[in-house]
Each structure stands twice: as C-alpha cells, then as structure tokens.
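So, here come the structures, one by one.
Same chain, two partners: subunit A is paired with subunit B first, then with subunit C.
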Partner chain A sequence: MSASVKLSLQVVAILVACVAVAVMPVAVDLFQLMQFTLFASMAVLALSLGFIWGFGGILCFGQTAFFGLGAYAYAVAAINFGDSTPAILLAIIVPALFALALGYFVFYGRISDVYLGVITLTVTLILFNVFNSMAGDAYKIGTARLGGFNGMPAVPTFNMPFDPSSVLFPEQSWYVTGGALIAIYIGLRLILRSPFGRVAIAVRENETRASLLGYDPRAIKLGVFVLGGAIAGFGGALYVNWGAFVGPTIFSLSLSAEIIIWICIGGLGTLIGPIVGCFIIEYLISQIGSQQSFNSNLVLGAILIVFVLLLPKGLVPTIRLLLEGAGRLATKGRGQAPNAAPDLSAGQPVGAE
Partner chain B sequence: MSTIPPLLETRGLTMRFGGVVANDDVNFALEEMELRCLIGPNGAGKSTFFKMLTGQLTPSEGRIRFRTYPIAGNLPHQIARLGIGIKTQIPNVFNGLSVRENIWLAAARAARRDASTIRAKAIVDDVLERIMLPHLAEAIVGQLSHGQRQWVEIGTVLAAEPELILLDEPAAGMTDEETVRTAEIIREINKNRALIVVEHDMEFIKMIAKKVTVFHQGRIMMEDSVDAVLADSRVRDVYLGKKVAA
Partner chain C sequence: MDLVAILGLNVVNGAASLFLLCLGLAIIFGMMRIINLAHGEFVMLGAYAAVIAANAGVNIFVAMLIVAPLFVGLVGIVVERCLIQFLYGRLVDSMLATWGLSLLIIGLVTTIFGNTMQGVPTPLGGFAIGAYRTSYYTLFLLAVAIAMLALVYGVLRYTRFGLIARAVMQNPEMAAVLGVNPARVYMATFALGAAVTGLAGGVLAPVSGITPVMGGAYVAKAFITVVGGGAAIISGTVSASGLFGFVNQLGAYFTTPVYGEVILFVSAIILIRLLPQGISGRFFKGTV
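On to the complex of A and B.
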C-alpha cells in the first residue's frame, strides 16, 4: 500500500474513532458506556505493548507490571492529595522510572531477548507477591493503606484539573478515556514518523546493522521501553478511574497473557491491531461471563488457536492485505476502489468501539 | 620513513575461539587514503579481522589504533561514530524497509555530526544515484536480488560518510557488469577515503588493487604489490585450485 493511501486510511480511522467517542454516550446505555470505558483503558495497555513489541521488537511478558504500578501510584497519590491531577502525572512517572531502571539492567547488561521475557514475567510475579502481602496498618504511604490482598477500595476518581470538588461524571470519564486512547495513538504515530521512531524500527529490523551505522541499540530500546512503561502506567490510572479500586490481581499473569492475545489477534506491528484485538476479546469475555454457559478461558484459547492457524498475521494486517488486493484489482478494472476501500477501512475503527 | 602516523594500526592482534586461533598476532598498518586488498583462502581469518576492527568481536589479545584512538574492545556504535564503516560478508541490511529508508538511516546518523537535516536528504539522493538504484528507491530491500542488496549495503556505508571503509567480499553474487561498476565505485571512494577490501575474485583485485595483504591461517603471510603477490609461489600454493593465474 502506498504511503499516501496508508496515511489517508489512518486519518479516516482517527476521524471515525473521534466521532464514535463523541456519540457513544447517546448511543448506548450507562452500563455499556462503563464497559467501553474499561475496554478503552485496557486498550491503552494494549497499545503500550503493541508499540514496544511491534515496533521496538521487545517482547515483554510483564507489561502489567507498569500497568499495576501506574494504578497503585495513582491510587496512593489520589488518596493523599485528594486531587487526581498530580496523581495522573505520578501514574506516568513512577512506572516510567521503574521501566528505566529495569530496562537499563536488561539492555545495558546485554541480556538476551529470551531472558528479557523471563525477567519481566518474574518481576510481575514479585510485584504481585509484594503488593499481595502488604496488608495491615504498617503498610501505609501517607494516609493511603495499601491493603494487601484486599487492595485499595474507594479511590477518588478523576476530577477536573486542579479542582477536586468537581468529580467527572461517567460520560466525562468516557470522553477522557476514549480521548486519551486516540491521543496516545496519534502520539505514537507521530513518534514512529520522527527520526527516533524510524531508528527504533531499524533496530528492530537489524540490530547489528544499526549499531554498525553508529546507533546505540541499547539506548534506543531503553527509550522505547520507558515510553511503553509510561503509557501502560497511564492506562493503570484510567483503569482505577473506571473502578475506583485497585488490588494485587492487576499484576496477574492471566492479564499479562491476555495482552499478548489481543495483539496476536489484532495484528503485531500495527497500532490499530492491539486496540481492535483488545475490544473484541474483552467484549467476548464479558458476554461469555454474563452467560455462564462457557468457560471464558476455554473460548479465549480456542480463538487464539484459530487465529494462529488461520490468520497468523492478525486481523488488521489481513484486512490490509485484502484491501491491497482489492485496490490492485480495481486499478486494473474500472477503478472502483475509491468507493470500496474507505468502506472497508471504516470497518476497522467501528469494530474497535 | 613516513612521518604521518598510520590511519589504522594493529599490534599483536589475536582472536581465539576455544581452540581455534582465527587471528594470530596480526600486525597491520594502513596509511591515510590507502586502498588495501586483503586476500586469503577460506577460513584464513579475514572476516574475523574485520569484526575486531568494527567492535563485533573483542580481541583476545592485542591493540587496535584508529588515528589516535585505541578501539580494541569498543562497541560497534562507538567505533562507527569514530568513522569506520563496514559492508559485512553476509548482507546486513534492513530487509523490511525501503531502499531509501536504509540509506536515510545511515545519512541521518552522519548528518547528525554537523547537525544538518537538509544534508541528510542530499546525501540520500546522491548515494541512490551512485549505487544506481534511484528507480528502486521505494522498493522493499528484502525483495531485491542479492547483488542489489549488496549495493544497498554499500550505499548505507557510503551514506554514513566514514573515514575508513571496510568491504567484505563486495562483488560476491554480482554479475560481471555489476562487478565492474563496484570496482569503479571503489576507485571513486578512494579519491578521498581509505578502504580495505576483502575479495576472492582475482580479476576484481587486479581492477582495483595497489597493495595486497595475504592472510593464511590467521596470520599475515605476505604483503606486497599486486603483481608480486600474484607471482608468489606460496600464495599460489595456499590458493590451490583457485584462479590465481596472473
């Protein structure tokens, strides 16, 4: 697909997503709106791993570590300050610093890719155990009790910037969460077009060649990793805003695995893919959960197997290939592609809502 | 006796892989602006020598000096930034990216030295012209022929504007026509840069060479003019079966 077609498809996708975010509160009932708010916060997490894995070539099995740290940092800060504004900032900064320390150790220690997966997984398990065991009055940060396995209930949700008295309504929370998702998508797109993003992709393509040209792969990967940690942390704050609660299960392995499934299904190496995958899977899980007739893990496993066997590239790259094929046919024929292409492409972001 | 210090100098350079001694006490010197050819039978240690010069391998023993910098054991990107560029034996390109993006990545790094982004674009266009691939600028490198990929890699090396260029078998897999063009490019580069070229193809060597260094079993066996080397009986012996016939 030519660069200009790609760009216009991306612009169309963004516009459709903006419209969808805007009209959602009138289109669905409150319960569904809350669900979509949850999915959008998860999609931020999906985007963070989709970026570092798909474009940085870093497969992190413990992206929930940053998500969870962001969530806890938000909760602790929001309880202490009574204002969500600095809490959101801390939810970005704390996981970013943690990613910086962990990434420095991993990338500058020349630890191989396989061990990177093992280490991030282990770190997530450690965090789970640490937060799980910090029950009792001894474990307080300021006025915030960490609550151990019970987690932290009644966390203040988002308020208007620097105005704790006006707490956001669910509709407003949806606008913030959906809007943040779109903003992060656009931000990552811009980064991928910047020199830093282009070099990051080059390092993913061929680390040796990149280093022989004078780029330090360790620094580039660390930058990508920290950015991913910051985004995941922000997703954690959005998640707490949705439920007003955070507990140690946020570090669970099943969530870590789910992110990888979202990306496999939506499409690795794309930014839309992880978002689409996240919405589809989370929607399915919630539907199955309300029916009680199937085990959701079983269904999830079956879906993953079907995708790995039949659509190994994932949804978005497959649709893209189909579009290219259709485009080529149309230019050979009577040139009806201009109608067909936008219709199909509009299907992606609609599916994402 | 020249009073100008060599551009590149190695002292007692040795690389051992377990019991295999791939480079054994190599003492080598290259003048500014020199074009040197490196020949030797398979397994003689030529590529290993290049890998140590570019930081892909840390020497077991010995020193390497580039200008005034001791570089043995430095990391590849540090050495690249000092101004050594390499085309490796096994093509090392960004297969998933376009030809233009490959060249741009090299040019952007070079242009960063004098903080100019306009210059990066000028370098890209110039290099595309020199490697004769402007018509394939938007093609994905992984889909090109082996010879074309070799040129893309040579293009990335040129675009990085290094002081010293190492080419490990640049003509391998090229057609006769492409080989002649490669020799031309090498002579052109040599007008203002130093090069070391590893090649097996003696016809190619004769097209470009001035001074030739012969590697054998990890050591420098001989170092002389092209004609003297090709006439040497020991060189004929180690190249037994290869087309050395001068």
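On to the complex of A and C.
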C-alpha cells in the first residue's frame, strides 16, 4: 500500500470511529453503553502501554501503577474540590510526575530489558500494598479518606467544566470517554509523525546507532515513558468516572497482566491493535462472567498461549499483512510493479513489524 | 535475649522459605534464560499435590517430600514439551506464554477443586524460647532448605548431568558438537526446576492458605529475588534470599508485615539499580 492509501485508510477509520461513538447511545441500551464506556476507558490504558512498548521499546509490567495513581489522584481531588475539572488535570499531572521520577531513576541508570520489567512490576506491588493498608482516619488527604482495602466509594463523576452542578449523564460520559480515546489515538499518531516520534522509533530499533547520530536515548525514552504515564493516568480518571469508585485492586497483578494480553492479541507496534485487543478481551470476559460455564482465567490463559505460539504478531499486523498480500496480487493482475515506491509512511514501525 | 533469638529464628526462617521458593525459578532462569511466570502456579500445584495426598491417607512427609516434587516435575516435562521448547531465545514471548500458562492452571484448578481447599495441620508441634513459642516446623523448613542447597549444588557441581547442563548453558552449539542433545538437557533442567518448585510448594503447604491463586503471592517475590541474585544459581539465590529475607523480617518486626514487604520491594529496586547484573554478577563471578 502506498503512503497516500494508508493515510486515507487511517482517516476513513477515524471517521468511522467518530460516527460509531456518535450513534452508539441510540444503537444500544444503557447497560451496554456503560459497558462500552468502561472498555473505552481501559482502551486508553491499552493505548498508553501500546505506545511505550510498541514504539518506545519499553516493556513496562506495571502500567497499572500510573492508571491507579491517576484514578486515586482524580478521586482525592474531586472529593476535595467538588469539581472534576482540576481533578482531571491532576489525574494527568500526578502520574506524569511519578513516571518522570521513576523513568529518570531507571533510564539514567541504563536499566533495560527484564530488569525494567521487574522494577515496574515491583513498583506496582508496592503501591498495592501501601494503598491496601491505608485504612482508617489517619489516612486522608483533605476531606478524602483513602479507605485502605475498601477503596474510595461515591467519588463525584465528571461534570461540565467549572460547573459542578451539572453532572454528566451516562450518554455524555460515553461521548467524553469515546471521544477522548479517539483524540488520544490521533494525538499519538501526530506525535509519531513528528521528529520526536521518529527518533523514538529509531531508539527502539537501535539505541547505540541513535546515540551515535547525536540523540540521547535516555531522554527520548524518558519522554515516551512520561507521555505513556500521563495517558494512563487520564485513563484512570475515565475509569473512576465510569464506576464512581476506586480501590487498591486497581494496582493488582491481574490487571497488569490483562493489559499485556490486550496488546499481544491486538498487535504490538500498532496503535489500533491494543484498542482492538482490549475491546475483544474485555467483551469476552464480561460474556464469560455472565454465563458461568467457563472460568475466565482458563479462557484468557488459553487465548494468550495460542496467540504467542501461533500468531505472535497479533491480530492487526496479521490482517494487515493479509490485506497487503491481497493488494499485491491485485496490482500484479493489472500488470504494475508491486511496491514501486518505498513504503516508509511515518508512524508505522519500520522494520520490526 | 529471648526476643533476639526468636527474631533471629524468624529471619533465618524467612530467608529459608524465600530460598526454597526461588531455587526452582533460579535453575530455570539461570540455565535456560527462560523466565517462568507460571512459577507461582507450580508452587500451588505442589501444595495441592501434597495436601490431596495427605488427605488421602499418605504420610504427610512422603506427600510433601516425594509426591509433590514428582507430580510437579511431570507437569514440568509436559509443559516443556508442549510450550517452552518453542520459545528458547525469545525472552519476552516466553514470559507471555508462561503468564498465559499461569492463568490456565489457575482456571483449571479452580474448575476442578473450587475456590478453597481443606488444608493440612502443621506437623511436629512447637517449643518455647523463654516467653515466646514457635514451631519445630520452622526448623524443619530450614533443614529442607539446607538439604536442597546441598543437593542442587552437588548435582550441578559434581555429577555428569550437572557438567553437561552447565556446558549447554554456556554454549549449546559446542555441546551439541560434542554429542550432547541440548533439547534433552533443557527438558531435564526444566523438569528439575519444576520438581524443586513443587517440593517448595509441598513443604510450604502446611503453613500457607491453599487456594488456586496462592501462587500470585509468591511469583513476584521469587522473580525479584532471582533477578536480584543474578545469573549464578546457588550463590546468587542464597545471597539474594538471605538479604531480602533479612530485610523483610526485620522490616516486618519494626513496622507491620505489609510494610516489611514494601521495604523488601524498595530494597530490591535499589539493589537492581546499583547492581544490574545481580549480586552474583558482581561478587561471585564464575561460581555455580
């Protein structure tokens, strides 16, 4: 596919997504709409890890740390201020600052690979333990009790900016969540087209070569990591908006595992893949949960093993390869040279697909 | 004085349990560079095997020390043949596949046995140091840990299998040229690691809650300890589990068990930041 075809396909896909978000409240009932709101908030989380893992080459086992910090920051601020506007900002800033500190510690110590995974996983466990034990009156920030293992119930949900009296209806929450997902997707696409995004991909491909060309891989990775943390934190705020609740299980190992499963199934190194994987898996889990005939762990585990063994690239890259193969056959039929122009459209990972 | 003695016993006991938990993971990671995230579920399977055998009338020590490692070793062989053998050299894929395996095992065990399980009482009874009581079982755990340390060290250092396994670990191609089949060695090593893990699950069964998700409590700790210990199996695991067990127990004594765990994790992060190759990569180069 040439660059222009790819670009127009992407634009079409985004338009389709916008239309889908717009008509969803009419098409499905309220319960399903709430479900989709939940899935979309989790897809923001999937997108954040898909970005830092697929394009920054940072395998973070603890992306839930930022998701959970964002959720707690939102909850504490929303209870204290009574207005969701500054709370959403804090839900982005707090995890971003945390990612900055952690990323500085890790990348400037030249830690990579498995060790990075261990450290991020450990940080998540620490947060889980700490938040789990912060029960009682001693642990409160302003008027917000952290609630320990019981979590924080009855968190104010989103309201119109600077107008705490008009709380969003579920339909409006869906528009905000679905719209945010599309906006973040477009934003990440634009970042990947920018010089920063190109250098980030170069660093993922070969750190030594990138640094010999004069870039500082540590700073680039730190930038990608902080951006991923900020997005995950925003996802946390969307998550709290869905359930009006946050508890320490948001830092649990199983949610960390789920994010990685979404990305493996959707496709690493793409942005659409994590979203697709997230929706498929979460839908599957909710269906299995409502039927009680299979254990969801059993199904999830089997799916993950099958994908790693048989389809290690994930759904989206595999489908893309199939489509490209079909397109190549079609152009051959018309007697044109396949792949006349070198296909280096920005944003697509070069080489590692 | 009594307090110091009991605290010392707790520290030693914490280190010994951590060592038992990590040894199997360290064998698999150190020899094969495969990170087995289903490690916690191997511990759980060992515990289930021991408890089911003991409840069926088998002597508790036979159940813990023979049935559990045998069963989990067999599971290890099946897992290696069906899954791991396709993933050598693909570190991230092996982590993902074993993570899937861990979910699968949890799901299977939950489906078969339900969410809880009748445990077994802790054997051997207790004794008193001054005003404090403790159980003989802590001493038994320590003895098992020392025996396993000696056994695994002996196997790796002094037997033909150990020699071949270490050769394959260093250079599989060269070993293959000399007539060794690396695939068989990997299979045997994985089974050994699984059996050691099963034994750990068996001896920890009487002192832990038996549920399908009990492995989750162990896998992160074991994973951190093995990475903190570095590539050398015995010296790395002994030093890391000694250090982390010490820090954990002292932290738990002076604060709360929860913060003891937090202190363990924080010290592990600092250790990895300072010594990215693990303790053994810095201090015990070239040991087993």
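Assume the second predicted complex is superposed on the first by the 332 of 353 C-alpha atoms of A that agree within 3 Å, B and C clash if a C-alpha of one lies under 4 Å from a C-alpha of the other, contacts with A are read in each partner's own complex, and residues count from 1 in each chain.
Heads up, the rule we're going with is that a residue touches a chain if its C-beta (ideal position, glycine included) is under 8 Å from a C-beta of that chain, and two chains touch if they have at least 3 such contacts.
Just so you know, these numbers come straight off a predicted model, no measurement behind them.
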First, second, both or neither for A:A210, with subunit B first and subunit C second: first
Partner chain in contact with A:I79 - subunit B first, subunit C second, else both or neither: neither
Partner chain in contact with A:A13 - subunit B first, subunit C second, else both or neither: neither
Partner chain in contact with A:A302 - subunit B first, subunit C second, else both or neither: second
Touched partner set for A:A202, first subunit B, second subunit C, both or neither: first
Subunit B or subunit C, by number of subunit A residues touched: C
Partner chain(s) touched by A:L121 [first = subunit B, second = subunit C, both, neither]: second
Subunit A-facing residues of subunit B, complex: 54-56, 75-77, 80-81, 85-86, 88, 92-97, 101, 104-106, 108-110, 156, 160
Subunit C to subunit A touching residues, read off their complex: 35, 83, 86-87, 91-93, 95-97, 99-108, 110-111, 216, 220, 223-224, 227, 256, 258-259, 261-262, 265-266, 268-269, 272-273, 276
Contact set on subunit A toward subunit B in their complex: 195, 198-199, 201-202, 205-206, 208-217
Interface residues, subunit A side, partner subunit C - complex: 59, 105-106, 109-111, 113-115, 117-119, 121-123, 125-126, 129-130, 132-133, 253-254, 257, 260-261, 264, 294-305, 308-309, 312
